[in-house]
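By written order: A, B, C, D and E. Residues from 1 in each chain.
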Amino acid sequence: DQACEPIAIFAAASTTNAIEIATAEYERETACSVTTVFAASGTLARQIGAGAPADLFLSADPQWITWLEQSGKVRARNRINLLGNDLVLITPKGAETTRLEITSADSLSAYLKDGRLAIGDPASVPAGRYAAEVLRQLGMSQILENQTVRAASVRVALAWVARGEAPAGIVYRTDATIEEGIQIAGIFPASPAHPIVYPLALIGRVPNEAAKAFYDYLQSYPAAVTFSDHGFRRIVTQ
Amino acid sequence: MISDLTPAEWIALSLSLKVALTGVIVSLPFGFGIAWILARTSFPGKILIDGLVHLPLVVPPVATGYILLVSFGTNGPIGSWLLSQFDIRLVFTWQGAAFVAAIMGFPLMVRALRLSIEAIDTGLIQAARSLGASPTRVFVTIILPLVSPGLIAGCLLAFSRALGEFGATIAFVGNIPGETQTLPLALYSALQTPGGEQMGYRLVMLSVILAIVTLAASELLSRAMHRRLTGQTS
Amino acid sequence: MISDLTPAEWIALSLSLKVALTGVIVSLPFGFGIAWILARTSFPGKILIDGLVHLPLVVPPVATGYILLVSFGTNGPIGSWLLSQFDIRLVFTWQGAAFVAAIMGFPLMVRALRLSIEAIDTGLIQAARSLGASPTRVFVTIILPLVSPGLIAGCLLAFSRALGEFGATIAFVGNIPGETQTLPLALYSALQTPGGEQMGYRLVMLSVILAIVTLAASELLSRAMHRRLTGQTS
Amino acid sequence: MTAYLSLAIKRKVGSFALTVDAEIGDGITGIIGPSGAGKTMLINTVAGLVRPDSGKIVLNGKALFDSTTKTNLAPEKRDLGLVFQDARLFPHMSVQSNLTYARRNDRPPLAAINEIVELLNLSHLLKRRPHHLSGGEKQRVAIGRALLSAPVALLMDEPLANLDLARRREVMPFLEMLRERFKVPILYVSHNLDETIRLADRVLVMDHGEVVAEGAVENVLSRIDVQSLILGGLAGDRHPEPVTIVSATIRARHDDGLYDIDTPWGTLTAPEISGAPGQHIRLRLHAHDIVLASAAPDGLSIRNVIAGEVGTMTEAGPAQIDVLVRPFGPDGTPTLWARVTRRAVEEMNLQPGMPIWALLKAVVLASDIDLDGLR
Amino acid sequence: MTAYLSLAIKRKVGSFALTVDAEIGDGITGIIGPSGAGKTMLINTVAGLVRPDSGKIVLNGKALFDSTTKTNLAPEKRDLGLVFQDARLFPHMSVQSNLTYARRNDRPPLAAINEIVELLNLSHLLKRRPHHLSGGEKQRVAIGRALLSAPVALLMDEPLANLDLARRREVMPFLEMLRERFKVPILYVSHNLDETIRLADRVLVMDHGEVVAEGAVENVLSRIDVQSLILGGLAGDRHPEPVTIVSATIRARHDDGLYDIDTPWGTLTAPEISGAPGQHIRLRLHAHDIVLASAAPDGLSIRNVIAGEVGTMTEAGPAQIDVLVRPFGPDGTPTLWARVTRRAVEEMNLQPGMPIWALLKAVVLASDIDLDGLR
């Protein structure tokens, strides 16, 4: 019989590996059973909004947690920013330029020539939204408007660059470190205005104890080690 | 290849089959009814029904998924009624995935059935009734066998479509391993995972093999049916 | 409703039409050829071709998109050849989106055409040739008109499927507003945005209207065709 | 108890109106008429496949349809056996399964399946599929299937029309057998004169949705107006050749193969009649087969001579005349038609009332009434 | 220059082998034989729709097929006009478009379209769709369409087989007209004896893929073995009635509508012949229509008497005998068959060599050879 009530965690697709390992650890330690559900954050959020049986939600985008808060699915005190990430500029492995002056619109433009910069779809992919903001901040709105190709997920953007279809792309560092077909050409400085954070939230007005325990575990040191193994930054303070 | 499937792959495969099969079986009576109406009756507004039937083909699957979520979700108008009246819950269950499969394959099934129904010789039905057969007996002994080629084709198409269905499924029932994570969803997850291409490749191969097996089975079945119906050997 | 479409919506709408139409037109000759082979010839391995044709129906669209990317990307074996020989570039272009549309609608088009081709009376072809008509003239004056009901049905189905196509498109050509952002892609973006429901709803309505218009047009066309072929008034 | 079917039907479709009042009894009732006369519509109405606007259909006292009481039995409740022009066998079933398709446990069958299979000579076909049957075999199975549904009456809509002459000849004996073996009333639709003459006892002649003549086959179908209604449709046949129909009984068979046949005109001789002494048959005589002589003939191969007097004479084209011969005999003795040239009429100086001898070669009576072509 | 078609074809399909060597000249060549004889396969081979295994097909000196030189002209290059059993009109085109479908600018047409439309009486149909034509009208359009393709030869595969008697009678005159009006050789496939007698000049009789008899219609089709090959297939017709075929010429028409017809047996009288004096016609006499007399007859309505002597006598069933009559005349005078009862033979004491008079009613010669049923 079970040590605790079954738990379901809905998590952004980009956290798949890390969450699966963390969950497996937790299951081994506590003998609790945890179901993991991965999809685009927006998809998961709408499902939770429609009554999906989720206990926790790890979103790649704070907006969706806020959206759930507004609809009463999440209480403000039951959310924390669990993870942080960085955006990196990537190029296909073996591209002649290994480092790019990422703050210069001209040099990026020159490098792209008539190719396109692969980013997530700013409308639907958080990484894409962050990338768009970064490009705007760096005065590269021209590139954003005319020289990007938008993917339905970071993974697709990564694949485009890895296959050389796009000469460069902007993705999370977490994704970039594992993909073999690319190299990191530069890391974008974190933006204080729009920090890249993955909020974790307990779902429901009165979350159950088992979920709460897992919520706590994900903030614990062992979990933090797992996350950083996958390239995430653990956000320590609120 | 089949022998060294991981347990997770096995689960996704069997779930896909269960979902697609259930979807086809559930939609069959409705598909038949609609196809019959479209083939054998004529009334104003028939073109509207024809249009409605084709909608799942045209409307993007994601949108279909969200529409289903909004209307058949436990908070949705139809979903809450189903739950309270029949204790049927579709969202986030494999039954819901089967329901999506049924909806998405519906236009293809209706079209194939309609062609077959249009081809039935009314004279045979009249002959059967003149021999004392009730409408039910006529249906079972005459109409069903004669429609069987269309039935097979329709089921095949709907089943194939169901096997490949992704967008509406993930939006409506989510990607829950063991419950709603069919092959396409598992494939999606694999592709979302860094280094998941290898697994993705295996899942695609699985889909392809499934498709070929399905097709070959339906082809053999429909040849046998053709032979039964025409008595010809080819 | 149509009158107050935003410019972005207009662009997505007209792009969708362009992509779907191009896809249908491009796939038509191939679809006809394959359908002809399936309907009129018999050889070992025919079932394999039949299976290949049906693959896009079964393989999840995302996977199809990846497979296309790997083989038709500028660095893929076929894609690089297309680029160097014909300067044709499919990834990230609307032509690529049309290509995806063609692929995804192919099984439906072939199936409809095949039924029509199987129904052609070979005697009419023989008669035409005995009257001195070259194979080309026979094709244009006899086969095409007689196949037209299946042609219309096949084009309608492929066109509808193309209008709704999302998964393979976004994986192969990405989401570039004005270039590859068709209605389903725009719709997906809207639905993934908090508060995007309103826009999503408008886009769904647009898809539905498009579907109904398409269907009605094809229905009228096929009735006219039927009248032409049988001389009957209904 | 004799069976009967009583019809009083009105139905209007477009500009076509079917109006039939008729009482139909035992035996075979032929329904004959030109194409479009409404024969099929009549049969379908009786069968319940088509609903009349008003009227009443009563079979053996049971109302199948009655517009006053809003009765309208479903086809499967009418206990009728139907045989159609196209056999309408179920293509996905074997002959055996077609035959045993009907299941009516509430009434005794007309005959056991074995008997019907044997009567219709179907035993070697039982395992076959309809696609592997010839047209004639198909119709025999269709007849067997209808018989095995334990029908109270049989309706047949041109069961021979789709068959060529050889097949027609093959199926006809089975139809003739029905009358002898089963005592159900049969409605037999045809537009073939010869078929109807051979099969039917009574006949309803239809035209434009109405019954224009009705009665015993010999009386009705001998009428020139009925004949030209039915044959008149044949293109290029502006002077259809009159046909004489007469009832006869086989009296005896001689050692040399010839039969003596009792007719109202005396005993005639014929070879190769199908039937046994005592059996009632019907003879059909084409006008062109009859030779007229102004004196009793001698030394001819012609075996049959009927003495009588010349009746009316009708022109049949520029060179031919149809002569009505009134054989001597009691009142009501049937007349017969002979077609001769105008020149013969002049040379023999034929005048109404003149004595005349009608000569009939035995061999023209030889075969059964032949089902040639459309007639 | 007279046209000719020379065939030397071998083709084997499964267990069936077609082997034809024949030279076909001007006029209409009938190809007749039982079902499955290979007639359609022969026509299709000539038309190029089916490829022979080996052999040679030469039309007016041009090789259509030659296995030694690997020549195999496509159907559209063979300049042949085809008419099929099913008319094969293009359903999506008007009659007019069907007629003008063929476009061969390299050869002068056989006739202007207006003339052909008028000859075939199609002018009121030009705007119609094939679905709105009767079977006979369809075949006329098909014939017109083939003629308008400027063919060097016409191939017709049972163009009347799908038509009922009335339609057959309607189309036949147009086929007869073809021979008079157009000087192209015609291959005319049929399994109808009467049709072939009326139309063809020469005939190839086929059976089991081979030509079993060949020659002028009168000679070949009068042969009893050929007749029973063709008629023998009719179920229940174990003693097919022999038919006599004879060439004749119309000599004169009398005021009373009768015609004098010159035959090898002398001048006969007949009403309602279609044709003008001087025209060559062909007569077909059924054995049952002929009366035999042992003395010259008198006072009968029979107009035609042929004197001769009794030839062979053949049994035709238990009660009937077919008697061959050898009319007096020079060597090669055609014989004729009469069917009489055995009793008549005995009473008249018929013996081979005895003098005999064959009597023929004028009216049995009256109509054109009739296209009844399957014969």
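Operating definition for what follows: a contact is a pair of C-beta atoms (placed from the backbone, for glycine too) under 8 Å apart; a residue touches a chain by one contact, two chains touch by 3 or more.
On a predicted model such as this, the values are computed, not experimentally measured, just so you know.
Asks: Indicate the lowest number of steps between subunit B and subunit E, counting one step per move to a touching chain.
Replies: 2
Asks: Which chain's C-alpha centroid is most distant from that of subunit E?
Replies: Between subunit E and the rest, the longest centre separation is with A.
Asks: Looking at subunit D with subunit E, do both copies bring the same residues to the contact (over half shared) or different ones?
Replies: Counting which numbers both chains contribute, over half are shared, so the two copies meet through the same residues.
Asks: Going by the average position of its CA atoms, which chain sits the greatest distance from subunit D?
Replies: A
Asks: Which chain pair shows the largest tally of C-beta contacts?
Replies: After counting contacts between each pair of chains, the winner is D-E.
Asks: Please compute the C-alpha centroid of subunit C, do the same for subunit E, then give the distance between them in whole Å.
Replies: Once rounded, the distance between the two centres reads 55 Å.
Asks: Suppose each chain is reduced to the average of its Cα coordinates; what separation in Å results between subunit A and subunit D?
Replies: Taking the average C-alpha coordinate of subunit A and of subunit D, the gap between them is 90 Å.
Asks: How many Å are there between the centre of subunit D and the centre of subunit E, using C-alpha atoms for each centre?
Replies: About 32 Å, centre to centre.
Asks: Report, in whole Å, the distance between the mean C-alpha point of subunit A and the mean C-alpha point of subunit C.
Replies: 36
Asks: Which parts of subunit C, given as residue numbers and ranges, touch two or more other chains?
Replies: In subunit C, residues 66, 188, 191 touch at least two other chains, as defined above.
Asks: At least two other chains touched by the same residue of subunit E: list those residues.
Replies: Expected reply: no residues.
Asks: Can you list the subunit A residues in contact with two or more other chains?
Replies: 43, 46, 156
Asks: Touching pairs of chains, all of them, please.
Replies: Contact pairs between chains: A-B, A-C, B-C, B-D, C-E, D-E.
Asks: Which stretch or stretches of subunit E touch subunit C in the complex?
Replies: Against subunit C, the touching part of subunit E is residues 47, 49, 74-82, 84, 86, 88, 90-92, 101-104, 128-132, 145-146, 149.
Asks: Given the complex with subunit A, which residues does subunit C contribute to the contact?
Replies: Where subunit C meets subunit A, its residues are 66, 69-70, 73-76, 91-92, 170-171, 174-176, 188-196.
Asks: Which stretch or stretches of subunit B touch subunit D in the complex?
Replies: Contact set of subunit B toward subunit D: 121, 123-124, 126-134, 141-142, 145-146, 228-232.
Asks: Would you pull the subunit B residues touching subunit C in the complex into a rising list?
Replies: 47-48, 50-51, 54-55, 57-63, 66-67, 107-108, 111, 115, 153, 157, 160-161, 163-167, 183-184, 187-188, 191, 200, 203-204, 207-208, 210-212, 214-216, 219
Asks: Help me check something: in the complex, which residues belonging to subunit D touch subunit E?
Replies: It comes out as residues 136, 164-167, 169-170, 233-237, 254, 256-259, 269, 271-272, 287-289, 291-295, 297-303, 317-320, 338-344, 346, 348, 359, 361-364, 366, 371-375.
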